[in-house]
Amino acid sequence: MVERDKPRLGVAMIGHAFMGRVHSQAWRSATRFFDLPMEPRMRVIVGRDVQRSKQAAQRLGWVESATDWRRVLERKDVDLVDICTPGDTHAEIAEAALAAGKHVLVEKPMANSVAEAQRMNDAAHRARAQGIHAMVGFTYRRVPALKLAQELISEGRIGEVRQVRAQYLQDWLGDETAPLSWRLDKTRAGSGALGDIGAHIVDLTYFLTGQRFAGVSGMLDTIVAERPLAAKVAVAAGGIGGSAGGLGSGLGTAVEAPDAVGMGPVTVDDAALVTARLTSGAPVILEASRFAWGRKNALRIEISGSRGAVSFDFEDMNVLHYYDATQPARTSGFTRILATEPEHPYLEAWWPPGHGLGYEHGFTHQVVDLVRGIAAGEDPRPSFEDGLHVQQVLEAIQHSSGASHQWTEIHDQERS
Amino acid sequence: MVERDKPRLGVAMIGHAFMGRVHSQAWRSATRFFDLPMEPRMRVIVGRDVQRSKQAAQRLGWVESATDWRRVLERKDVDLVDICTPGDTHAEIAEAALAAGKHVLVEKPMANSVAEAQRMNDAAHRARAQGIHAMVGFTYRRVPALKLAQELISEGRIGEVRQVRAQYLQDWLGDETAPLSWRLDKTRAGSGALGDIGAHIVDLTYFLTGQRFAGVSGMLDTIVAERPLAAKVAVAAGGIGGSAGGLGSGLGTAVEAPDAVGMGPVTVDDAALVTARLTSGAPVILEASRFAWGRKNALRIEISGSRGAVSFDFEDMNVLHYYDATQPARTSGFTRILATEPEHPYLEAWWPPGHGLGYEHGFTHQVVDLVRGIAAGEDPRPSFEDGLHVQQVLEAIQHSSGASHQWTEIHDQERS
Amino acid sequence: MVERDKPRLGVAMIGHAFMGRVHSQAWRSATRFFDLPMEPRMRVIVGRDVQRSKQAAQRLGWVESATDWRRVLERKDVDLVDICTPGDTHAEIAEAALAAGKHVLVEKPMANSVAEAQRMNDAAHRARAQGIHAMVGFTYRRVPALKLAQELISEGRIGEVRQVRAQYLQDWLGDETAPLSWRLDKTRAGSGALGDIGAHIVDLTYFLTGQRFAGVSGMLDTIVAERPLAAKVAVAAGGIGGSAGGLGSGLGTAVEAPDAVGMGPVTVDDAALVTARLTSGAPVILEASRFAWGRKNALRIEISGSRGAVSFDFEDMNVLHYYDATQPARTSGFTRILATEPEHPYLEAWWPPGHGLGYEHGFTHQVVDLVRGIAAGEDPRPSFEDGLHVQQVLEAIQHSSGASHQWTEIHDQERS
Amino acid sequence: MVERDKPRLGVAMIGHAFMGRVHSQAWRSATRFFDLPMEPRMRVIVGRDVQRSKQAAQRLGWVESATDWRRVLERKDVDLVDICTPGDTHAEIAEAALAAGKHVLVEKPMANSVAEAQRMNDAAHRARAQGIHAMVGFTYRRVPALKLAQELISEGRIGEVRQVRAQYLQDWLGDETAPLSWRLDKTRAGSGALGDIGAHIVDLTYFLTGQRFAGVSGMLDTIVAERPLAAKVAVAAGGIGGSAGGLGSGLGTAVEAPDAVGMGPVTVDDAALVTARLTSGAPVILEASRFAWGRKNALRIEISGSRGAVSFDFEDMNVLHYYDATQPARTSGFTRILATEPEHPYLEAWWPPGHGLGYEHGFTHQVVDLVRGIAAGEDPRPSFEDGLHVQQVLEAIQHSSGASHQWTEIHDQERS
C-alpha cells in the first residue's frame, strides 16, 4: 500500500522451500526501502500440497495459495511469475508463463540442460517483442561489494582483465553419513556442486569481466559415492518453515525411503575443478566444492588486471578488496573497502556505514532491479541469454570431464 | 495474518527516523521467520509532522499515523509502545505509556540522566505488578555471535572473567567540516560518543560477564570543538527515508540555522576513554570514538577468563572468535566460529550456514524476545533496571572525567 | 667454533645471488640455535667473476672464494656442495659432486627436465651406497606452520585427504615494462611460474598428503609476450648484494643487451593452471602466477579431509588454520594456530610465543635437517627421488598444456 | 672480516639469556646484510657463571667470556657495552661504562626507577661531550612496518594526531599454576606488564607521534596474587640455550626455592590500563596484559589523525594498515601494506617482496642504526633522554594507580 497511483505488479511465486522463503522476504522488503516505479503485490504462492501451501502463504505474506501453477498463469491479476522450484521444472514453467504474457524471474540454475535453456531463451525472445521480460536469479550480482567490483572493472580501474580465480566452497556434504537429498539426484538437480554453486562463479566471472567463456577443461568428482536414505524426519521446531529436515540446513530436503534402510547412490558431482579462457584469452581457474570443511559459503573471486585487482569472499560479504597498481609501492596494498557507504551500490537505501547487510539483501536488490527494468521496458540482466551462456559453460565442463579433460570450446548460440 | 487464534499485540511506534526504520523492519519480519506466541499488529506510527508521519506509515508498513503520542496512549488497540525518539524524550513518553498500561520498548540510551532513568525504572516496577513489561533496546545483545559468547561464558567455557577490553569505533565525525546535528547537542543527545555508542559496550560488558560495574575512571574529550551550522538541505534521492540529510549517513539530522552561516559549538564528547572494574574486581578498559578513521562500526569486545577468551568485532558480525585454554598448546588458537549454524542462537529461523545476517536482524530478534517475554509474563532483558545501571555507569564516567579522572564508585540503586 | 670434538662438515656453495645469500645466512645461523651433530664450516663460495666472488665470500661469511667449481670438488676439506645456481646447471654440478663423494644440496627446481632429474637421481642412488646424501631445497617444507600441517595430517587429524587447493601468487611481473631477466628465458630457467613457484606447491601437496600425483591437466599461459631488454643498470646502494638489478627485487638479474634497445620475447609461462589427481584419486587444483597484483608471495594451500582441514598462506607465515570436523558445530571453525610455541616444529630453538619467524628461517631449518640426516646416515627428504617426481609432474603439466589440456598420467620412474 | 680498512667497534655484551641471544644474532647478522661504516667485533660476553658464560660465548659467537663486567670496562679493545641484564642492574653498569668511555646500548626498560634513569641520562650527557653515545633498546621502532608508520605520520599523511589506542597483549601468565620467576619480582623487574611490555607501547606512542606524554591516569592490577615456587628444573633439550626453564618459554627463569614447596607472592602488576594525553592534548588509551588468552605477542597500535590513520599488530608484523581519509569514500578503506618492498625501511637489505622478516630483524636494524649513529657522531635514538621520558610515564602511571586513578602530570626533566 505504498503509493496509490503507482501501477501494480501482481506476483505469483512457484515453490516455497528455501528459495521461496528468501524471495518472499525480498518481495516484502523491496518497497519498504526502495522507491520503485511499480508496486509489487504478492498475490499467490504455489506448492504441491494444499495444506503446506496455505501455511506458506500465511507465513511468507502471500494473499493466497494454490497448487496448480498452470491455472495461476491464467489469472489476470498476475503479471510476474517467480520460479523457485528445483531446476528440472524451470523450462516448462518459464515457457508457459512467458507464453501467457507473464514476466518471469527464474532461480538459478536456469535449467538442467542447454537444450532446455535454449528453449527458454527462445521463449524469452518471443516474449520480449510483446514487452514481456525474463531474468535469471544470479543474486550474487546484487551483493553491493560485487556490484562495486563490476563498476570498478568496467571503469578501467584494474585495466585489462588478465586472470580470474574463483572458488565456491561449502562443507555441508563433508559428513559422509548425511543422507541423500534431491540435490544429490541428477534427475532433479541436473548436476551437483557444478550447477548449484559453480554456476554462480561462472556467472560472476562473466558479470564482472563483461566477457563470455571461450572454452573450458573440467574435472568433476564424486567424493562420497553413496549415502544413507533418510527416514521420514519430523521437522525441527524453532523457526518457521525453517532449515530443519536434514542435509545442509535447508539446502535440501532429504530423500525419504519407505523403510529408510540402506544406501542410495549420489548421481551428481561433489566437486568441480575447471580451467578456462575468456573470449579475450584471459585464463580462468574455478573450483566448486561442498566438501571444503570449515568453508560454509565461501564464494571467492579475485580478478587481476593490467592495472590492479579486486578480491571478494562472501564469508565477509560487505567487504571488497581493491588493489590499485598505479599507486607507489610504498603505500600499495589491497584496500579493504567496507561497501556500506551511501556511495556504494544499493546502500543509499539501507543503514549507516559499517552496519552491514546480509545474505537476503541481494534478493531484495534483485527485485528492485527487476521491477525497475520492467517499468523501463528494458530487459533486466542477467537475461535468459546470459543464463543460457552459463548453461553452455556448465555443459562444456561436464563434457570435458567425461572426455579426458579435453579442451572444449563454447560456441555461443546467441540469436542473430 | 499469520494465525487466527493467536492473541494480538497492537504496537505503536513513536519516531520514524533511522531507529524507526529499523524497528519497523523488525516488526514486519519477526513473524515471518519466528513462531511467536502473540501476533504483533503495526497499528500506528507517531511523528511531529502530519505529512511526513503519513508517508512514514505507508513506507514502513504501519496502518496509520498520528502526531500526538499522548492520544495514542489512550487507544485500546495499542498494547505496546516502541519509543524511537531522541533520548531527551524517553522518560516522559515511557512513564506515560507504562502508566497507561502499555508495554514499552525504549531505544538506548534509556535516558539522558540517572534521575530520568530512575524514574523510568520506578514506573516499570509499578507497571510490572500489573503485568506490564518494559525493555531497553540494546540490540547488540541479539547479534547471534554475541549471544553465543554470552552463552559460552555463562557455561564456564572461559572460566572466571579476568579482563574485559572493548572499543566502539566509528569515523563519521572525522571530517571537521561535517555540520552540527542533534547528536552533537548535549540538551538533545545527553552525551556524545559516550551515550550513543559507549553505552553499547557498557551494556555488553554487563550482559556478557553477568557482572555490574563497581567503579570507573573516565576521560571525555571533544576533539573538534565547533562545527558549521547546516543550511537547509534537500533530502537526497535514492532510498526511501534514506540516509540523507547530513552528518553520518542517517546517524543524525543536521541542525538547521535560519541563515546557515557561521559555526556552532559541539557540546558533547567525541571520544570516551574508560578504565573500570566489575563487581568481582576484574579490570575493564573501554573506548568509544567517532573519530577513528576507517572504523565504520567497529564494536569490538574481548573477554579473557581463567580458561579461555572470546573476541568479537561487529565489522565481521557473523563471527565469534573463541579461545579454549584447556586445549593443548600445539593446536590452540582462536577459533573463528561463523555463527550461522542451526546450533547458534536465533539461526534456526534463517538461512543455511555461511549465508550471513546483517545489522537489522538483531532488531528482529529483539522483537522476538520481547514478544515471547510478554507472552510468558516475564520481564524481558535488558530491563529498565539494567538500563538504569548503564546510565549510572555513564554518569559516573562523566563525573570522573570532570574530577581529574578520580575513581568513581557505582552505587547500585536497585529497589530492595 | 661451537664444540671442539664434533665432526666437521666442510661446505662449498656454488652461486652467490639471491639464493646464495639466504643459504649463507642459514649456514651461519644453524649452529647458533640448534645443537647439530656435525659442525658445518663455510669453506668456499664459487662464482664466475673473481672479484665479485671474493666480495661475496667476505660479505656472506665464507673463508674463501673460487671461480672453478670443478676444482672445488677436488678439495678434501669440502664434504658438501650447496648448489644455488640457475636450474640449467644443476644436473652437471650435482652429478659431478656426487661422483666426487660430496653430499649435495640443490636448490629447486631440481633440474630443467625430467631427463636431467633422472640422471641426478641415478647419481644420488649410486652415491647413497657410498654413504653420500643428496637433498633438494624445497624449503617451504621447513616453515614451522607447514611442518605442523604435515604432522597433523600424518596423525590422521583431518582424516583421509579428499581435496587439495593451492595457489602460489606473486605480482612482480605485473608491470609489463619490467625488463627481461634470466628467469623469463626458457633456456636458463626451464620454465616460468610453473617451475619457479608452481614447483613449490606441487612439492608441498606431495609432502603434506604423503601422496604422489597420478595425473594432471594443465594450462600454461604467457600473459606478456615480450618485454624491454635492460640497459646495464648500476646496482642500487643500501644493502649488500641487495635486491637491485631490476625485475622483482632480487628475483632475477635483468638481461643486459649491448645497446639496451628494443624488446625481447618471454619464452616461459607467466601463469600455470592445473587440475590433477593424487594416487588415491583425490582431486587437486593448483595455480601459479606472477601477475596476481597485490599478492607478493602468497603461497597458499588448503587440504580438506574426511575429518577436517588445514589452511596456510605464506603472507601470514607463522599461522596455520586448522578445522576439526569432529567438534560440535556450535564451537567449530578454523582455529588460527600461531605456530610459535615450543610445542611446534623447530620452535624450541627460537623466540618466545608470538615472536614470529621470517622467510630465512626455513633455510636454517633445512640446514639443520640436512646435517642431522647426514650424521644419522639417513637420506634427508626431499630426496632426489622426491625432486624427480616433482619434475615429472611439471613436465606432465607442460605436455598437457600443449596437448589441448589432455589428461596426462604420471608414470613414476622410481628405482625398483 | 668484512672489510680491512673499516674502523673496528669492539663490543662487550653483559647477559646471555633471552635478550643476549637475540642481540648476539643481531651483532652477527648486521654486517652480513648492511653496509656499515664501522666493523663490529664481538669481543666478550659477560655472565655470572664461568662455565655457562663460556658456553654462551661459543654458542653465540663471542671471542671470549668473562664474569666481571667491571674489568671488561677496562679493556681497550672494547668500545661499546651492550647491556642485556635485568633492569635492576642497568643503571650501575651503564653509568660505569659511560664513565669508562664506552658507548652503551641498554635493553629496555632503561631502569627500574626515574631516579636511576635520571642518573643514567646525566651520565649520557656527560659522555656525549666526549663523543660517547648511549641508546635504549626499544627495538620495535625498527620493525619496518612501524618505521614506515612513523615516516608516514611525520610526512603528514594522517594529518594531525587526534587519538592513540594501543595494546600489548600476551598470555603466558594465564595459567595460574605457572611458577614464579624474576619477572614477577618487583625488586628485580621493577614492575610487571607495565614495565616489560607497557613500556614498548609508551615508547611507540612517543616515537610514532613525535609527542611526549603530558599526563596519565592508570590502573595496575595483579590478577593472580601468588604462584608456586619452582623446583630446580632440568633445562629442556632441543635448542641451544633455548626457551626452557619454565614460565613463558624464555621470558623468565623460574625462581628456585630450596625445597620447591609452597607459594610465593607476585609483587608486580599483571595488567596495566592507562588513559593519557599527549602534549598536544590528544587522548591516548593503553593496555598491557600478560593474561590475554590467545594473544601471544599482540603489540597493537592505531593512530587516528585528522586526515587518516595507521594500524599495526605485531602478530602480523610485516603489515601496516593505512587509511587515507582524503580518498573518495567509494574506494576508501584500510590498505594492507605488506612492508616488504625495497621502498620500505630497512628492506633494501633483505629478501624479495612478501618474503617476510621475523622478530629478530628489529634487533639487527637496531645494531645498524646504532653503529651508523656512532660513526656519524650523532646520538642514536631512542636516547637516554627518550628512555627517561618513558620511565617518567611508567612512574606516573604507578603513582596514579596508587592514588585513586588521579590524573598525574608528567614533568619533563630534560636538561636545559
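Every chain is named by a letter (A, B, C and D) in the order it is written, and numbering of its residues begins at 1.
Here is the rule we go by: a contact is a pair of C-beta atoms (placed from the backbone, for glycine too) under 8 Å apart; a residue touches a chain by one contact, two chains touch by 3 or more.
Protein identities per chain, from UniProt: A, B, C, D = Putative dehydrogenase.
None of these values were measured; they are calculated from a predicted model.
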A-B or B-D, whichever has more C-beta pairs in contact: A-B
Chain whose mean Cα position lies farthest from chain B: C
Whole-Å gap between the CA centroids of chain A and chain D: 54
Length of the line joining the C-alpha centres of chain B and chain D, rounded to whole Å: 42
Centroid spacing, where centroids are CA-atom means, of chain A and chain B in whole angstrom: 35
Shared-contact residues (touching 2 or more other chains) in chain D: 332-334, 338, 341-342
Chain A - residues contacting chain B, complex: 1-3, 18, 22, 24-25, 28-29, 31-35, 58-61, 170, 172, 236-240, 242-244, 248-251, 295-298, 314-318, 338, 340-342, 347-361
Touching residues on chain C, where the partner in the complex is chain B: 148, 152, 157, 322, 324, 328-338, 341-344
Interface residues, chain D side, partner chain B - complex: 158, 162-163, 165, 167, 171, 174-176, 217-219, 221, 223, 271, 273-275, 277, 283, 285, 287, 289, 291-294, 302, 304-306, 308-309, 311, 321, 323, 325, 332-334, 400, 404-407
